[in-house]
Each structure stands twice: as structure tokens, then as C-alpha cells.
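A single structure is presented below for examination.
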């Protein structure tokens, strides 16, 4: 009778073990199915819908990764183009990914560069050829904290013709009345390589930029700067949007552009609303499945 | 023998419990996988394919949330732009989200505004700067129950040039022969802020709108109104679509537009078919993964 | 001993039943997860990569549903527009969905219409206002087995201007040297309703179509016909594609179009390759999540 | 007692068997759910972020499959168009899919063709009508290892007008100052079939290509060649991108194009960065759900 009493218990234990094993096994497999969505969101969630938390280089790098994903997801860049942020700890330095498609950039890709745009500690990572765009603009413009270099298809036609890119919609109130163009031939001659591949060319680009938030690069793209990562991303996006709209408007007739006062006034108001755009762009980039 | 008879029963009960536990556990996890689709649909499912149920402020708010997701998903708005609905209970009041990207708006974001476009009970939520667009149009136009304010890229060129936006396709039969344009300089002078940021500017916009369903806003976007949320969304979408088509047609040659009789006749017919568009847009917005 | 021998057996039976129940239960739930993809595919899978199986009205209806999803997924139609197939059993009749967005059409929405475009058995379903497009073309064109009515944005400008839509790329070799235009004013006068809402207008449209595979409808869209559903869908897609390309080419300069021999020759070859397009479009439509 | 001792054990065995069966069954079904994503990635994962491994025909075929998915996903081809790679083992031969939409191509679709573009071992598979494009270019151009034949909508207008396709952006530095056009009428007369459906037409196309990396095909599309699969795909993509940008720039005014030195210099630099584009395109194609 003792054994009979014991037996059922043992059998129940074995069954319990088997059932738990089944549950854990299924649970693990089902988690695999749902995982991509849930882990993808975590990178930007902390900033969503709240004021940016206290500034630090760690936070800047975190935003830089999110910004890379956003400019790729919004079509501002494709496999090429790059963005950087100035170091808070050492303002002569800046952070920029290793040579990689922006959509795929992760925290481990971010490298620190010195005031001559050389890597502080490359650890085998290859830097972008055109990192001098960033280093020389940071040198010339102490007000700039972040830079986006893009090849936006809508923007290139304005750099290649003598039709000025001007603010035609309020979201691009940051644009000057005539956006400056960097003609690399003026500094490197006809036998140039288009790319800003050394300090001298970077300095010439920074000079063409002047005090503007945007400089067009003939046959190439644009460099867009801002006092924060979010504002630089916002400007890169709406530079593209304004170019599309201006291009269409010019085909219809002679458009009325924003005058300098309108542009300045609306830019001031919208600067306070940059987070609204960032929030939805970050959400969309996380859901698009084109980055990790 | 009693115990032996009892024992198997107890074991079966234990096994039954374990099996049920397993089933419930798996069921819960699998539901997690299917949840985004099924719960996402619930917001609009009740209206799909049937007459709208009895009107109420609660139902209007529900549709307002769905409408926000639709105009974002269809590219009528990006992170900016907003839509509102008049209150049924208090027709001098209206409902509008707090300052937020339309794709992310939820029921909890919807605020009630009074006849002066001020929040009835803000509870810490920040209203849109341009809520006066809504309040002043509701004041001037008792027939209007819903308003969409957008920055549709295809529409802005028509507001910036002297080329009139006219109905070129039947879906936009609601458009007048010449869509009015609001030039903010005419009321706020050259040193204006583009945005409709107070009651005076809202009233001037409402005056420019007149009896039209659409008013273009120079350098900015448009305001589109309707007797229901669904009709306002429909009009906002097809205003954009008509602008794209007219823009292409004007590049080809001199197009034939809908005459006033054609426009009025087809508009009357299509008004009865607005739900067909709403249904597919709501379905698509729920599946797009860009809003919660 | 008998009972003891029996008991374990009974218990095993109970356990077997529970296990089977668990398996079936889990299987059903997991099928729910995979269902959208797997059942979605079944509608077109039988035809993929092989010759169409023996023709029947049941098979035509199955393809009609798939075709509705394809034209929506490829942007040939939005919430509006519709497609039909002639009945094999009763060639004076045709099949067409009830009034519904094409992306959402299911087998249960397909209605049979008689030679006067009236429903054979409506069962409470509302037909499309413009079903006369289909009925009158089937009457006038015995060679036509399927019809797509669309509002393709790229096509409308050609219907609204006097710039002829002509074959500029080989995929649209089916297009005539000048695609005919239906101007509804010529039959219904200036006070018309744009829509083809009765038999008389349908007959006039069929007359404008003549022997062409495509007729443009001024201020409205197009009707595209074919000897099979797949060919009609193929033509609707490449009519749109050709319009986009021709529109761009005309902005650059005076393009060389396909001459009548080139068009006829390549059309003959491509007709044998229609399934290649259908296969990838069906695959894409099934994965797009915008229809059930 | 022996039997009593044995019975529970037998029951446990039965339960164990049932539980294992349950686990295996569930596991199999859940794998079905996750399979499309996980197996899709494996094709390109080995190359991501590293130097291409040692060349072999097996590796070329693997890349050819990935390349097919990329050109479909990036809109360079739709259901039509095709790409090939030269055989390493037998350089007179080449690999090309059977007649199929590029997005759906798998390893089993890849056929080997001889120097006359005839299948070595068809095994019932139907080859593309235009395989002679590939065979004759490989014969005429020993430097070419891979070829993309596309119908890119943005490219066709340049083949149909006398407006030359020229490099306007640095990514397309590989383009010649004037991209050659193949006018099939010049070799097959006015009564031609547009398609390159035999060796004679293939040879004429190869002659039109000359030493260029791209030849436009009037009323049809383009053929793009490269020294590797990745470079051919890169060029096919940026030929399309350059066409879009040039088209927009020409509407604005007279653009400045890259001069021959700029084009050559930047092409040399970018050739080393082709993997950066490939990596993100492969990632995106795997996530797009339009191929297996």
C-alpha cells in the first residue's frame, strides 16, 4: 500500500516535469516570434513624449544611433550619407559611425574623432572617407552640435543648377533666402574627386556653409547642421521636403516664398516642436524592419 | 479497492488541471502573437460596412482617433497637422488632440476646447499652437462638424503660385472652380509668423474659407472641412490627389476641368460612398504598424 | 486484477484524449497565426507557375478575388474602381463584387449580373453604381472576358488633355497608337454626373472603346479590357506605368514611340508571359496585409 | 505486484511518448511561423560586413539569388528584367534564372547557359526569351562578370528621347559623358519585336554597349554590366537614381554635370564602398516579405 500511494505521486511528478518542460519549450519558441517587435522599440522609448534627459556623451551617442535609423527610414539617406554629434566632454571632438549604412548603425559602430577628424581609438574600424565634413564644420561653427551629410535626390538638382533653394513652406523656415552651394571645383580644380576627403576640402565646405544651416554640394548632396541632433535631423528632412515642393511649384509658375521675417518667426516657433516629429519618426523607424 | 478506485480519479484530475493549465498558458501566448492585428481592428470594426451607429461625443472621439491614424497613414499629414470634431453635446465646443503627431494620437490625448479655442480641462496636456483654425471655422460655419489641417506637399505649390486648384477628377467634385487662398500677409502684414496662432488669424482664415470646403494657406498647407469626420478625411485625401493630378496635367497641356454641374452632381453621388474609402483606409492604417 | 488491468487502460485513454485535445487546440491556434499567409496564398497557388487549370465560373470568381487584391496592392485602384469577369456558363452575364473597396473583396462579395447589369440575386448586397461599364462592354465586345475600371492618377491627365496616350515602352505594346477618350459631355451634355450610371452611358462608353483594349474617361479614369482576368490586370497595370513614363519623357523632349509593328510583335510575345507578373503580384498582395 | 509495478512505468512511457509527440508537433508548427524570416536571412548573412569569401561558381550563384531579390526590392525591376553572372569554371558560360519574376528566384531556378545562350541542362525549365543579352555581352566584353537587364521607369524616357543620360551625381560616376542607346530598328528594321530574342540582336546590343557600363534600350529599358555582381547591382540602382535626378534638374534649368575627371575619380573611390550598399539592400530585401 505504501508503494501504491507513492507511485501515483511519482507519476504526477514526472507528468508535472513533462508539462513544465512543454510550457517552457513552447514559451521560448513563441517568444522568438514576437521578439523582433518588442526589442526594437527599446532604443528610443525612454525619450518618447518627455523632455530630453540631462545631456551627456552617452545620451548623445544613443540619440545618434536613433538619428541614423531615422534619416535612413525617411529616405534622407540611402546606404550612404552619415551624421555626427559633437562631444560634450571634449567639444573639439565628435562622434560618428564607422563606414556603414546608416540604417545598420549600432552603438558599437560609433567612433570618437579628434579635432583633425582622425579616430581616437579605431579598434580596427574603418572611418568614413568624408569625416572631414564634420570635423571642419565643428571647428568653424562653435554653435553647431550635430551634422547630417546626405545625398537627398530632391536636393541634388538645386545644387546642380543656378535655381536657388529657398523656403517655400513654413516647416523649412530655417532655410536662408538663398541656400549656399559648395562648388568643389573652386577649391580643388576640375580634376577633383567630388568627395570631401581631406581637411582642406572640409574647411572650404565650412567656409561655403558660412552661418547657414544648410550648404548644397554640387553633384553630391548637402550638409545640414543644427544645435542638437534632433534639430539637425528635422532640418535634413525638411530641406528635402522643401526641395520637392519648390521643384513642383516652379513648374507651375512663379511661387511666393517665405520672406526673411516669416522664415525667422516660424522657425522660432517650430524649434519648440521638433520632438513631435522625432517621436513619430523614431516610432516608424523602429517598426520598419530595416535596422536592428 | 476504494482507494484504488479513487486514486486514478485523483490522478486524472491532476492531469486534467495540468492539461488545462498548458492549454490556457499556450493560448495566452499565442494570443499575444495575434493581438496586434485583432485588437488594432476593434477601434473601427463596429462601423465597417454598416451605417454609422447613433451619434454621440464618445463616438465622435473614437472616430477622431481613427481619422488621425488614417490621415497620417495616407500621407495627408506627417508629424504635424491635426484634425478636430465639433462637440454634439455643446456645439460651441470641439475636440482635438493635445500637441502630438497624428499617427500616435490615442483617446486619452483628445481634449475639449471652448468657443475661444481654449482647453476646458487641460490636465497638463499642451494644446496645438494652431487650435484657432478649428475654433474660428466652427464659429463661422455652423454646417461644419469636422476639420483637417494639413501640410500636404502636393497642395502647397497651389497655395504659393497663382495657378488655381480646380477639380480635374470626379473624386474631388467637392472642390470649387477656384479654391480660395489665405494669404496671411493680408491680415498680419509682412512680419507675420505664418502660423494661425490666435483668434484674429483664425477668424481671417475662416473668412477666406467662406463657403468653400477647402482653403489653401500660402506657404503652409490647407484647411479642409466637412459635415462629418469621414467626409472631412475623404476631402483632405482627394484634395491632395487632385493637386497631384492637376499638377501633372498642367505640365502636359491645358486640361479640361469638371464644370460646376459635373462637380456638384458627382459630389452628391460620392457622398454616399464615403464609407467605402473609410473602411479600406482604416484597415490599412491598422495594419501599417506606425501607430498604436 | 481485471479492474486493475482495466484502470490503467482507461487512464491512458483519458490521457490520450487530453493530449489529442491539447494538440488539436494548439494546432488550431497556431493555424490562426499562420492563416493570413497560408490561406491567402491558396487562392492563387494552384495557378502559380503552371498553365491555368480548366476554366469554370468557380475558378473565374476565385481569380476575380485575387485580381481585386492585386490591382489595389499595385495602386491601380484605391478604395474605388472595380473589376469583373464574364460568366462562362452564361456569357451574357458577368461577375462583379458588391460595392466595396477592391482590397477587401472576398468570394462572398461577388454577385452575378444579367445582360442589363442588374443583379441576379442581390441578397441585400448593394451593387456598384457604375456596373453598366461592365455590362455594356461585354455586350459590345464578345472577345472581352474581363474588365478593370480604375482611377489611376497617372492616367487621368491624359484623359483631361489633348495629349494622346501612346505606347512608349514594350510592356504596353497592347496600347493603340492613340488611346481613345470617352468625353461624357458628348452623350450626356454639360449637366452630366461624370459616372457611367445607366445603360445608355455604358453603351456610349463601349462605343468610344471600339476595338481598343483601353478607353480613357475624361475627368474620371479608364476602362481596360482583356481576353482573361490576368491579361486585363496586366494591361491595367502597364497602362498606368506607360502613362508615368510617357509623362516624364514628354517633359524631356519629343519621344520615339513604339510603331504599330513593334507594338503588335512585342504584345504577342508578352502575352505568353503574363503569368510571371501575376505570380509576383499575387505573392506581394498576399503579404501586404491590406486585405483579408 | 510485478504487474502493478510495471503498469505505472508503461503508463509513464505512454505519457512520455505523447508529450514528446506534442512537443515535436508544436515545434514544427511554430517553426512554420518563424521560417520565412529566419531562412530568408541565411542567403546573404555570410557576406554581411566582411570581405567576400573566396570566389566559386557556388558562391556566384548564391550572390545571384540575393542580387535578384535586391533589384526587385529596390524597384530596379518589377516582375520582368533579369540578371546573370559569368561562370568562373567555364568563362564562356553564364548563370541565369529560369523565366521567373526576380523577387521569386531561388537557387533551384538558376540554369547554366553555354556560349550561344542555350541551356546546358534545362531539366524542363523555360529560359528567358532575352538570354542573348547576356551571352553576347559576355562574348564581347571579357571584363564583364555580371549583367542586369532592367525596365527602370526612370531610365526609359532617356532611351526614348535625344536627351543624353549623363552623370549628375557622384554615385553615378561610372556613367559615361553620354550613355549609348541601342535602337533596335537600326539592326532589325521597323518591323522588329523590341525584344533581344536571338544572337544577332544580342551581338548588336553588345556593339552598342561598346566599352560603356550601361546601354539604354529604346522603348524597353537598359543593360548594365560590371566586374562583379555587387558592382552590377550598384550600377543598375544608381543608373535609375541618376536618371530621376537628371530629369528633375533638367526641368529646373541647365545643370552642371560631373566632368570626365570627376566621374573617374569618384567612381574609383566608390568602387571600394559597394559592399556598404549591398549590405543594407540585402537586409532590406530579406525583410520585405516579397521573396522566399
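By letter and in written order, the chains are A, B, C and D; residue numbering begins at 1 in each of them.
What we mean here is this: a residue touches a chain if its C-beta (ideal position, glycine included) is under 8 Å from a C-beta of that chain, and two chains touch if they have at least 3 such contacts.
It should be emphasised that the depicted structure is a prediction, and the values quoted were computed from it without experimental measurement.
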item: Steps in the shortest chain-to-chain touch route ending at chain D and beginning at chain C; value: 1
item: C-alpha-based rotation, chain A on chain D, 0 to 180 degrees, nearest 5; value: 90
item: Classification of the chain B:chain C interface as same or different, half of numbers criterion; value: different
item: Averaged-CA centre spacing for the pair chain B and chain A, given as whole angstrom; value: 29
item: CA centroid of chain B to CA centroid of chain D, Å; value: 41
item: Multi-partner residues of chain D (each touching 2 or more other chains); value: 4, 8, 11, 15, 19, 22, 26, 30, 33, 251
item: Chain contact topology (line, ring, star, complete or other); value: ring
item: Listing of all chain pairs that touch each other, if any do; value: A-B, A-D, B-C, C-D
item: For the chain C and chain D complex, residues of the former touching the latter; value: 1, 4-5, 8, 11-12, 15-16, 19, 22-23, 26-27, 30-31, 33-34, 37, 49, 167-171, 173, 241, 244-245, 248-249, 251-259, 261-262, 265-266, 269, 273, 276-277, 279-281, 283-284, 287
item: Residues of chain A that touch chain D when the two form their complex; value: 3-4, 7-8, 10-11, 14-15, 18-19, 21-22, 25-26, 29-30, 32-33, 36, 72, 78-80, 99-101, 103-104, 129, 151, 153-154, 156-158, 160-163, 190-195, 197, 218-221, 247, 250-251, 289-290
